[in-house]
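The two complexes that follow have chain A in common; it is paired with chain B in the first and with chain C in the second.
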Partner chain A sequence: MTKRTRRDVLVGGSAIAAAQVIGLPAIAQGKKYDDGASDGTIKIGHTNPYSGNASAYGNIGRTIEAVFKMVNDAGGINGRKIEFITYDDGYSPPKTVEMVRKLVEQDKVLFLFNTLGTPPNTAIHRYMNQKKVPQLFVATGASKWGQPKEFPWTMGWQPDYVTEGAIYAKHVLATIKEPKIGILMQNDDYGKDYYNGFIQGLGDKKGLVAQLATYEVTDPTVDSQMIQLKNTGANVFFNITTPKFAAQAIKKAFEIEWKPAHYLNNVSSSFGSVFKPAGIPASQGVMLALYRKDANDAQFASSPDVVAFKAFMAKYMPNADIKDDTHNYGYSVTHTLIETLKMCGDNLTRENVMKQAASLKGYEAPLLLPGIKISTSATDFYPLQSVQMARVKGESFEMFGNILSNESA
Partner chain B sequence: MEQLLQQVASGLANGAIYALVALALVMIFVSTNHINFAQGEMAMFSAFICWQLIHWGYPFWIALPATMLFSFVIGVLIERIILRPLHTAPLLSVVVVFIGLLAIFHSLAGAIWTHTVKPFPSPFPNFSFAGSGIIGPHQIGMILVAVLILALLFCFFRFTPLGLAMRAAALNPTSARLVGINVDWMLALGWGLAATVGSVAGVLVAPVVYLEPNMMAGILLYGFAGALVGGISSPGGAVAGGFIVGVLENMVAYLGYMLERATGFYLIGNGEKLTVALLMVITVLTLKPSGLFGHVTVKRV
Partner chain C sequence: MATTMTTGTDTVDRAVSARIDARRGTPWWIWLGIAFAALLPLIGGRTGLISNFYFLQLSLMIVYSIAVLGLNLLTGFNGQISLGHGAFFAVGAYVTAILIDRYEMYYLATLPIAMLACFVVGYLFGRPALRLEGHYLALATFALAIAVPQFLKYRHFEPYTHGVQGINIFKPDPPFGMPLSPDQWLYLVVLACAVVMFIVARNIVHSRMGRAMMAIRDQPLAADTMGINSARTKSITFGISALYVGLAGALHAIIFEFVSPDSFRFELSIAILVGAVIGGIATLSGAVIGGFFVQFIEKYADAATKWVTQIVHLPIELEPWTIYGIVLILLMYTMPMGVAGGFASLWRKIRPPN
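Right after this comes the complex of A and B.
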């Protein structure tokens, strides 16, 4: 009995002591901090595959690191330097869990930013929400990151695959007479998200899909699938593939002289790794939805954000291949975070970071296409929801039509 | 009917790639009894070397022999430097070394040439001919090269003293040593030849699947399947096995689709290609462990 009382007294006493040492002066100056934030620094955690099969995405992590270096060189955000801690998870979910626990429990970061990949983020989704540590602007287009009610600590960034799939379906219905649709799909969550969005967009016209041909990432080529699709007599082709397979599919369609209206997912919107390898003549007319500028595209060469991006690349990542679109992505998403942190001011609690991330109003992040803006609210955790249709013309994209949106969720 | 022909042709073309990889696996297996898990990554690395030479402005027909020579030297060096000290080590240690090599070549290629997908020129002229809608010139080229390399290797082992010495060293090292053959060097030579065959496979496959560090990951699996189905101890069997696996995987998808159209239910299709290839490996290994065309080896214990 006495023992318990004594402990209660001790616990209570130390809490008061702690409040006196840390809490009170902070409140006195109007500053509020959670773990990972202080007068001098903001600690941000990140995981990325720097090794293994998905290591091509490692460049996103390197770009983010370089952008923060640039920010720190210029004095930081609201006078605080960014301490960016990034670990290699090899795109392996168990490894992600291990690294993220380390980030949250040992490194004590304020929040996680742009952790990469649908499977890795799925593995830490619940943990982050239980710990109430923000999992901000994740690097995946899955549609499940925008559920503020169930997962108030998680937010995506790019237009989600379901939205994009639905936009293509609506475009097909609006522009093509008597469509007969063939679909090539990577047989995993990413592919199915796009497929489901597309089917949703077709509504009661889903009978227009003549064939769905799938491929596995272990398949060396998609030649066999392309032959099947051509033989259905489809006049519309929805190409849900990652860059290497996208290039193969475009090339094979050209070789077997199949000329449908060709819709390609945004995942493979790169000249460097898709259209050039597939062959520029073979790629003509391929349509896709874009939300970012291709920094190598001559039509944007004089935009201030592209000029700034190129200067950044030259100074902070001189050895990187600017044709690689992952740098462009990393630059744009990191600026969205910088904007959020600026809005946080001196209130660097996890709650306020989430609150400010959900208060972006028409923010035009660098490298977004003209007219595409980032907006969020307490009930809308999808920062980017608009896209611009474009087609490959010569060696660049030709935009056409209006900005398209499809309310997801 | 046209689709059936296209599917068979595309299967044969893919089969040619598997055949070359399988052939490289067999080359190392017959001389050392090991299966080299790094074979695919070595082939990928060779293809990058060739790409780099072409990128520097050398014509393809100079870059290719240079790449083959380079790969041969790398193969010999790996055997002499890395595997030599493991001659008496348990099998598991060797396997770990192979996996280590795989990771090293993969990361090295990524670090030097980045992971961006790169186009690779086809060495064969691009022209149309009767039936070019069914099979392209590069596909025909791959099939011919696979058969040509098999013929060359056959002649090398059958008709040259060096080939005979290599066979002797693999078959009976003790006796071979007694008649004056340098068995150690024969093993290194086997590695060099395997790396050379692999480099040709890499250079031929790169125009089809595009050059990047992950290029060979899926192909190696099918190459294994080809080698095991045909017989891991028989070069001819490995090539045949590669072609069989290539055609079979396309037939699975084609027949599955036809079945679905006729009966309305999905039984098998594009998703089951690898499953069928691996099932075939299990079936063949269960019924005829040495593979369809392999020799049965008898060991006295």
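Right after this comes the complex of A and C.
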């Protein structure tokens, strides 16, 4: 291992030396470039499951591509066109490794942006940090993407699951008298992140959890878990489930007439895939934390970012379903990157890209809820850490209370 | 025993004699090809013509060839269909990863252990499952392919498997300070393994065991009458087949420095089977073509589809796997015996009469 480290240092060192030699004349004009950047273009790499089980997320990649097309049509960023290279990884970690190595070693991109999924990003986490190529604003809510000390080249974007879990716990403690809590959890990394955050948020009151029921993502239903939870007499229900199971749980609670204060994780904040299948009457009053606007919600119809988003969708993605929340997400996260690149100016080195990404101060990306801002620093690699509580009312969300934050960094 | 086999149809007869021909020795050009492949890191690597990324891809192609070869021994030469060989791939990969990660074992030393483990698992699974014939066996193995990733996530194995997180291992440096990059070195390791495994496979196929395997495939009743212990032969074949795929899995883990349950979903089993069928069932050379197919055609199905859409200026947006599907259908129509089989029959048509 020591041998390896030494070699890497050598390779890294010589690469920096080479970059400096090549960069010398450029420095004179105040411009600095690494692989993938030049006077005319910035090359950005991306992987996404366009095929396979998780292909619903493919729309994020298509949206990012379309946003960059819009940016290029308007003249690019600081006069540079974006060359966006995206590959299908089918949500399969080995394929992600292969595609990412292609992006870094063959296509020579400046950095990776919004690579999707916890397992794929885990597979390339160490490689990216060894190569010192930014792995920026990854599309997963796991908490491990914000460790600037151990992994200075990796940064997440959305509120991480631990933060969100802690916010629910604090809300329970603040608003519910004598809470008795039942939890339904998907038994994997994602579920455990939420659960750990929730327990952290409860602090010394973790005895309030009466029952933790788990299910496997391969289980057909969660009916028996729901009956089990009801029988504990819990008056608070924390629902850590992905859309299919969230719909089942909401429906079952309604059927067995269990009416706790129902907290649902943001992962399942979709009307299309959760509340409508579960039944709108059954979903009334379900609470959850949001950070982005639902562009189809009438209450935001006149805000400028929603208007701009709709114009973008009409022009650049005319065949897409605007109700699909992944477009929303892709639009918002890509604008965060555009802001970062604008801040980079003419210094397009990997180091500076990371530095600027860690220098976002109160940036209001389009489609974020009013009052929610993106802030990062050299020690805080969690861009979004605030959420707004909302409840299902009729066929839309009703916001209530203040913006809530939790410092998990 | 050879005479029993030639009692089959004409085609079988010809195929058998072709195989006996092949036994007389490996043609010189194959050895030349292997020597060229072994020199690639020196030729391409030194001059910078072939990047480390290409060596990774070549290594992967060879790894898949070994896996396809393993399945081919079972499906092609013994006539048993398995939809679950991804499971053995996973077992091989995890045995290697756990031994390196937890027991800090030397990576090459883990290979025989992974192979042995897969042989045992394959043999034990084969034993009861072989009471099932044809479709039923296919289903049983399919269940195995679906079950293994779940097993790897199982809570009580987590100290070893790290659950869904997977295991990170380090890519080994070339020994003796050889002037090679890790990717080039691993390419040579993988190539050497493949050459050995192909020679062993050739010898198995042309041995008593191989003839028994084929006899069971062609005429099970006659094979039994001849005194072949079919249950034993079938389960040993299953074990050997699993051993090959397990080695492929172990090499895959070392090349990628990473294993996780999601790396070995059932799609992998299907990919290996498709590779075997496309390459040419019951041919050894077909395994190389199959490996090529799995690595390049399948992995780049999406990119190829996009490229074609752009070149032809198609007004519609094609699904990512469209080109893959079209290639598969075309190949099956034009070369029902696989690419290797197709070329062999083409050669028979055009070769000068003796």
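Just so we're on the same page, the second predicted complex is superposed on the first by the 385 of 409 C-alpha atoms of A that agree within 3 Å, B and C clash if a C-alpha of one lies under 4 Å from a C-alpha of the other, contacts with A are read in each partner's own complex, and residues count from 1 in each chain.
In this section, contacts are C-beta pairs under 8 Å (C-beta built on N, C-alpha and C of every residue); 3 or more make two chains touch, one makes a residue touch a chain.
Small disclaimer: the values here were computed from a predicted structure and weren't measured.
Of the two partner chains placed around the shared chain by superposition, chain B is the only one that A:Ala56 touches, whereas chain C remains out of contact. After overlaying the two complexes on the shared chain, residue contacts for A:Gln228 are found with chain B alone; chain C is out of touch. Within the superposed three-chain model, A:Pro119 lies in touch with chain C and out of touch with chain B [touch as defined at top]. Within the superposed three-chain model, A:Ile199 lies out of touch with both chain B and chain C [touch as defined at top]. Once the two complexes are laid over each other on the shared chain, residue contacts for A:Leu360 go to neither chain B nor chain C. In the overlay built on the shared chain, the residue A:Met317 is in contact with neither chain B nor chain C. Of the two partner chains placed by the overlay, only chain B lies in contact with A:Asp219; chain C stays clear of it.
By the touch criterion defined above, A:Gly272 lies against chain B but remains apart from chain C after alignment on the C-alpha atoms of chain A. Under the contact criterion defined above, the residues of chain A that touch both chain B in one complex and chain C in the other are 51, 55, 187, 216, 218. Residues of chain B that touch chain A in their complex: 2-3, 6-7, 10-11, 13-14, 17, 107, 110, 114-119, 133, 136, 205, 208-210, 212-214, 217-219, 221-222, 249-250, 253-254, 257, 269-271, 273-274.
Those residues of chain A that touch chain C in the shared complex are 1, 3-4, 7, 50-52, 55, 87-88, 90-95, 97-98, 101-102, 105-106, 119, 122-123, 126-127, 187-189, 216, 218, 319. Listed in rising order, the residues of chain A touching chain B in the complex are 51, 53, 55-56, 58-59, 187, 211, 213-221, 223-225, 227-228, 231, 243-244, 247-248, 255-257, 272-274, 276-277, 279, 321, 323-324. Looking at the complex, you find that chain C touches chain A at residues 51-53, 56-57, 60, 150, 153, 155, 163-166, 168, 170, 173, 252, 256-258, 260, 262-263, 265, 267, 299, 301-303, 317, 319-321.
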